[in-house]
Amino acid sequence: MSTTVETGPPSKAGATEQQPRPRRPIPGWLRGVLWAVAAIAVLSTTSYLTGIDTLTSSNTSQTALRLALPILFAALGGLWAERAGVINIGLEGMMILGTWGAAWGAYYGGVWAGLLAAIVFGALGGLLHAVATVTFGVNHIVSGVAINLLGLGVAKYLADLVFEPLSGNPRQSPPVPKFDTYSATFLSDWLADLEEAQRVGISDAAGLLRGLVTQVSPLAMLGLLLVPLSYLVLWRTRFGLRLRSCGENPVAAESLGVNVYVHKYAALLVSGGLAGMGGASLVLLSGGADYLENQTNGRGYIGLAAMIFGNWRPGGLLGGAALFGYSDGLQLSAGGEAVLALCYGAVLLLAVLTVVQLVRRRWLVAGLSALGAAALYYVYWANDELPRELIPYTPHFVTIIVLAVAAQKLRPPKAIGKRYRRGEGD
Amino acid sequence: MISWRTALLPPVLAIVVAMALSSVALLISGADPLEAFTTMGAQLFEGTTAVDTVNLAVVYYFAGLAVAVGFQMNLFNIGVEGQYRFAAVIAAIVGAAMELPPVLHVLAILAVAMLSGAAYALLPAILKVTRGVSEVITTIMLNSIVFGIVAYLISADQFGVLRGNNISTAEIPETGWIPGIPLGAAGTMFGSVLIAVALGVGYWFLLNRTRFGFELQASGESPTAATAGGVSAKRMTMTAMLLSGAVAGLIAMPELLGRDHVYAMTATQGYGFTGIAVALLGRNHPVGVAFGALLWAFLDKSAVSLETIGVPREIATIIQGTIVLSVVVAYEIVKRAELAAEQRRVGRQTRNGMPASVSQGGAV
Amino acid sequence: KDSGDNSAAGDGGESGGECVTAAAPPRAEASSKEREAASDVDASDLKVALAFDVGGRGDASFNDAAAAGVDKAVEDMGVADTTESTAAGTESEDAKQQRLSQMAEKGYDPIIAVGFAYADALKAVAPKFPDTHFAIVDDDSVDAKNVTPLVFAEEQGSFLAGVAAVYKSDNCHVGFVGGVETPLIQKFEAGFVQGAKAVSDKVKVEIDYLTPAGDISGFNDPGKGNVVAKAQIDKGADVLYHASGASGKGVFEAAKAADALAIGVDSDQYNQKTVAEVKDVIMTSMLKRVDVAVYDYIRAVASDDLDSLPERFDLAVDGVGYSTSGGKVDDITDVLDGYKAQIVAGEIEVSPTP
Amino acid sequence: MTESRPAVELKGITKRFPGVVANSDVHLTVRAGEVHAVCGENGAGKSTLMKILYGMQQPDEGTIAINGEVVRLRNPQDAIKVGIGMVHQHFMLADNLTVKENVLLGAESLHGIGKAATARMAELAERTGLRVNLDSLMENLGVADRQRVEIVKVLYRGARIVILDEPTAVLVPQEVDALFDTVRTMREQGYTFIFISHKLDEVRRIADSATVIRRGTTVGTVDPRTVSSRELAEMMVGSQLPSPETRESTVTDRAVLRVENLRLTAEDSERAVLDDVSLTVRAGEVLGIAGVEGNGQTELVETIMGMRRAAGGTIELVDAEGTTRDLTKLGTLARREAGIGYIAEDRHRHGLLLGRPLWTNRILGYQTRRPVSSGRIIDCAAAREDTRRIVDEYDVRTPGVEVAAGALSGGNQQKLIVGRELSGDPVLLIASHPTRGVDVGAQALIWDRIRAARSDGLAVLLISADLDELIGLSDTIRVMLRGRLVSEADPATVTPTELGSAMTGAGESHSLPEDVA
């Protein structure tokens, strides 16, 4: 469950379809499972070879889930907007609005009211983005940048106005209620036994899985549920089809009677709402922060990156968010030695890649990955410890490395970022 | 073709709208908008604020141009932030270690800064060109990673020097400073303001008069057509990214060489992000970016003065956000109004004279 | 559903069990004397300005403490006028200069810059206003006649925190969570570790920072603080000391969730509103009396007696110390005061670097 | 016109764009159950009129009546509701959606999105000859199939009045025939068609009546079966019908372009897109390449231009002095500088910077050469000046050289491109579909210029789907099929039908009279 990266080059699937064959291409969910299995295999091998078992402990996956959650929400928000053809760099601002809304709602009405308020506030940000980009045809990046500024300014302003009298601190809300957490006790105990059993592979998988069924908040469940849900809505319903068509070719959509404006507005409202939930996941989880100025700290941008990483697909972005959350959690809770172990894992991965590329007779790529593997192995072998200052940025390094290795052909929606005006197509 | 109306009306409109909106916010929080705006305006004539504003604008100008270079070919270099900080710390370290005669020293530091900025942009550029990795992701990641790199380089074990509770690089010798322009009581303007002017002119010339600029804009307008016209999209991506990084390398120089002479752990961050807003405000045009930078710097400076009269400083941020948004909306509205006017004009012509003739560019 | 009501954390046990290997120092009489109210000093012709660092009034940390000092001065000494202004996270250096200059030009005197980030600005501004009194908190690198440094011996206070932590640790395993790895926060770490090692040669100390120098998000991310604290607890630490600003809340919550104890920082966090729901894990707080320093400074300016100020606000002048709210360290105050006496007497030297 | 209730009746339609009156007082009456052609030069306003009828644009003046009732069509939904469907001149397809999704889009409520929809679609696909997996991505389809998908889309919505805007521009004769068969059958079933084409013989073959539009207004309606193509054309432009026939051969024996064993593999597999292609073009010769779209012509051209990397083989260019240069390793710009002019098949994607002024477009591809540039520095004044020359010489109809290229109509854009590509004194011109979508007037001019340059010793590699053009202009024709040059034909004797069957591989290389392959 940690690195479900959908890297299957879509063009290849397309190429096989040109001469229709009886064999159907691997369905997306299966590919996700395969990637997850592969990831667990690499991690457990690494953890076995390096003797660092935090790599696959239940704790690691539990923190990973928590750290991945805001990013997952933001990425989903990005997905909805960008599938409808609107670049949403304003996710950060919408998240900030969400954090304020979550604290405000939760303070007065409990967690669910907080969540609702976060969604509404985020959606307001989305609405503003829609007005600017859809109605006024403003450049999407301009509008996004402006929304990031406005989100920050408005949240600060509102906090000053509303929270200051309550908490005595304009930058922080008073303590607000948090979501309870739930554990699937039976499952979790069984997995705990397995994890203790110290069997290579099984114990690792059990450990990772156990972290995902213990002390889970409803918000995390919601987040995970929203991934398949987004897929179903966007790819399996009429509304989703229309929405995606606005991102691919709005003029064609218009010519078929689709109201492009309405769908873009809807997409941005959902997008903003999801980003707002991302904000809520910083505020309403125990161990979280209440409202705190600047607490999003660039997670909106990371969410956007996770979505691009996931090739504008729900499964892929889940992989991106999980990858980020996992390496961040590992880095925070296990520190430098675990990161070094990750290096070792990357060596394994690159070695496999080299072999695959050799079989495919792609000499250059094989050579490059062999070189990369050698370099990383040297880092692993020569150091007991990586520069302390760089450890906190492990997730960022991992993201870049995985992207560089995975060589995926990204396929953004075709009309993304383009201005669309009714009746101006040809 | 841009008429004065399309060029000037929108920003004015936008500022009016932004002021109106923030007045509402001010009223809600119980402040007097009039007082707030007067204070903001008046501070320009107090002390060194005017010069400080220009100084800050110089920094923003570099940032804006760095972003604008990328925008010219639809390359979104959100990584200017990381690039300038990387360049700043390297330039500070190298500059302190070098011993050179005055002018040469400065030039050497500037060169190092531009090279380092470009170097930090190299990875995203390579990954984009060879692996098709989106520059948006890589630069976002590198923006965070730069924190670690800066911290590593200025830690006491590496090149850092402890100054009180602060740590910074060693001080650059005086030969490496860019002398300021003393303006008496009004303060001292950064000497870099001249570099900024030169860079602006150079940028304009590069874009509008050189083959490189043509190719850059062509690949921005249509990568496919540019390819068919003999412009290698990959090479342009690479050069644009590196050029953007090189300009980004200059962002910290006015402060580093003109005032601080060290790069400290407390050095200001976020100029790269401001650069995005400034470039967008100035519509990537060298003169426009200059105005954008000045406006932004002015608003930043006002924030400080607002606090002294008890007005929440967030107002300045809100004004900035609204201005960006309303400027572009205003451009759009004005453009449409012009279009409608033109349509009416054509309509009148056709009714009076003959129906659209070929020579008049009618329906041909 | 997981049970949400972990009741109050460990009752600590008597003097630390087997962990403590050093003999407790001789008892010292409580040296924290009541400060006399300064009603004798009249400061009604002073206009005091406060230039805050990022966070400003209400940050429940050193900015707030400085503000409290001024507030008290207003109350006690009748300061005529006060103003304050806060730095923004991304503002440039000359905004700080502008802030200080504007205050000076408006006739404020004294002007107190809160935070070492003001050092360079002050170096530039102070010479231009030779008749204005400036003070700067947490920095002594400004070499100007009219600038008074207000610095603290954080390592001494942290030493006591280390001592207390070991006495309260059941596992003989304590932890330190730093927000941002700056020299200032390293002082806290250094003192804490020395304190812990001083009372026990068996004790294990976990040390983690959330972010490296320059990345101030480490002071503002309770989520990360929570994860790191949880990891330390998982490794066996059961008393955690944090110096991580707002991230400390995450540390407290981790402690609460795992029945561990925590030590607050800067002010008496037991009484802080924002962490009220987890206050029962806060066994003590390392106090850094910025309020006292600011108050004393104003008084010294008013009575034109700047030489009376200590060079450093340390244990000797109660510039640093520990809090007792909540009563969790009442049983070891003798020990703590004993160590304090030894430090004050110079028998124990606490190094400010790890 | 005694019909009491015409299917479509447009009255006094006027539509203005900034600087252009696209339609002014247009009248059009279409009887139910007929195929009604609309003819006119490029930019005459045909597409605009159709978009107005389809609700995509609002007329400034005028009324629309469908089946006798005046309606207001505010958007395509309204048009679809009254039974109008439109196949656009430029495909309205989303590449990244599947065929099924493309058809379904906007019409989900008709048959749902499940089994019933698929069944209905399969039925329509059968009827229109669309033989692809409905779940494959649109981007994998060839042009003819895309066209069919467009028609299926219209039928799926149950349209009774079908607008076909230049549907045949991209089809080979056999495909055109198939399309016309479909149209005829459906006409029997009571469908009404509005059909737009520049190919007047097609109009005369299929249409029951034709309305001619010139410069935005209706000139008149005629019965195409009683007028000749020449007369029709004269109505459209007021000039004589041009013909592409080459008068006398100017072929020399000096080879200009030599391509040997050129191979190219697909980007993501080992599949050969070009398979051992060898050809030689001589000075003064027009070498025509015939082929159904998607058989490698585009790739051949782009490989010769250096826009794609060949997997093997050599490309050589001999300049006027007789020195041979090996181009195989050079980039596109160097190849252009060596003397290749290039008219790309897709002028919007490869020919022009649509948002930039005409004079900027003059520079594209010539950014290193005089007069518009002196190597590194661009000479804007000279570029403007030279653009004015092209505008005059090539009769580009534009208000000035400062207007954006995108504001010109297709034919005028093409004339600008031809003018530009013949300005650099090329030794070789690669012309891909040089007159696609271009009206007869502009067509004549372009042919004229190519012929003139040829007689000055220019070598021309011509790719065209318009077989008349190919036969009329070429000195030699070679047929391309699945990435290989399979046969050769003599334009003096070959007929379009013969060529067509060679292109589809019907006779597989041995059916042509002059076959030497």
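The first chain written gets the first letter, and so on, giving A, B, C and D; residue counts start at 1 in each chain.
The working rule: contacts are C-beta pairs under 8 Å (C-beta built on N, C-alpha and C of every residue); 3 or more make two chains touch, one makes a residue touch a chain.
This one's a predicted model, so the numbers in the text were calculated from it and none came from an experiment.
Novice: Looking only at C-beta pairs that count as contacts, which pair of chains has more of them, A-D or B-D?
Specialist: B-D
Novice: Provide the C-alpha centroid distance between chain B and chain D, rounded to the nearest whole angstrom.
Specialist: Comparing mean C-alpha positions, chain D is 44 Å from chain B.
Novice: Just how far, in Å, is the C-alpha centre of chain C from the one of chain B?
Specialist: That pair's centroid distance is 39 Å.
Novice: For chain A versus chain C, what separation do you get between their C-alpha means, in angstrom?
Specialist: It comes to 38 Å between the two C-alpha centres.
Novice: Which residues does chain B have that touch at least 2 chains other than itself?
Specialist: 147-148, 151-152, 155
Novice: When you check chain A against every other chain, which residues touch at least two of them?
Specialist: Counting only residues that touch two or more other chains, chain A contributes 170, 389, 392.
Novice: Specify, in ascending order, the residues of chain D that touch 2 or more different other chains.
Specialist: Residues: none.
Novice: Which of the chains are touching one another, listed as pairs?
Specialist: Pairwise, the chains that meet the contact rule are A-B, A-C, A-D, B-C, B-D.
Novice: Write out the stretch or stretches of chain C touching chain A in their complex.
Specialist: 1-2, 4, 55-60, 64, 89, 181, 208, 210-213, 215, 217, 220-224, 226-228, 230-231, 234, 246, 249-250, 253-254, 257, 273-277
Novice: In the complex, go through chain A and note every residue touching chain D.
Specialist: 9, 11-12, 14-15, 17-18, 20, 237-238, 241-242, 244-245, 248-249, 251-259, 411, 413-414, 422-423, 425-426
Novice: Residue numbers of chain D touching chain B in their complex, please.
Specialist: Within the complex, chain D contacts chain B at residues 16-25, 43-45, 60, 215-217, 305, 307, 331-337, 342, 344, 349-356, 360, 363-365, 367-368, 373, 375-378, 380, 397-400, 402-403, 409, 412.
Novice: Under the stated contact criterion, what part of chain C meets chain B in this complex?
Specialist: 83-86, 88-95, 97-99, 101-103, 105-106, 116-117, 119-120, 138-142, 181-184, 211-215
Novice: Mind listing the chain B positions that touch chain C in their complex?
Specialist: My answer: residues 43, 46-49, 52, 55-56, 59, 147-148, 150-152, 154-156, 162-167, 255, 259-260, 264-270, 300-301, 303-305, 307-308, 313.
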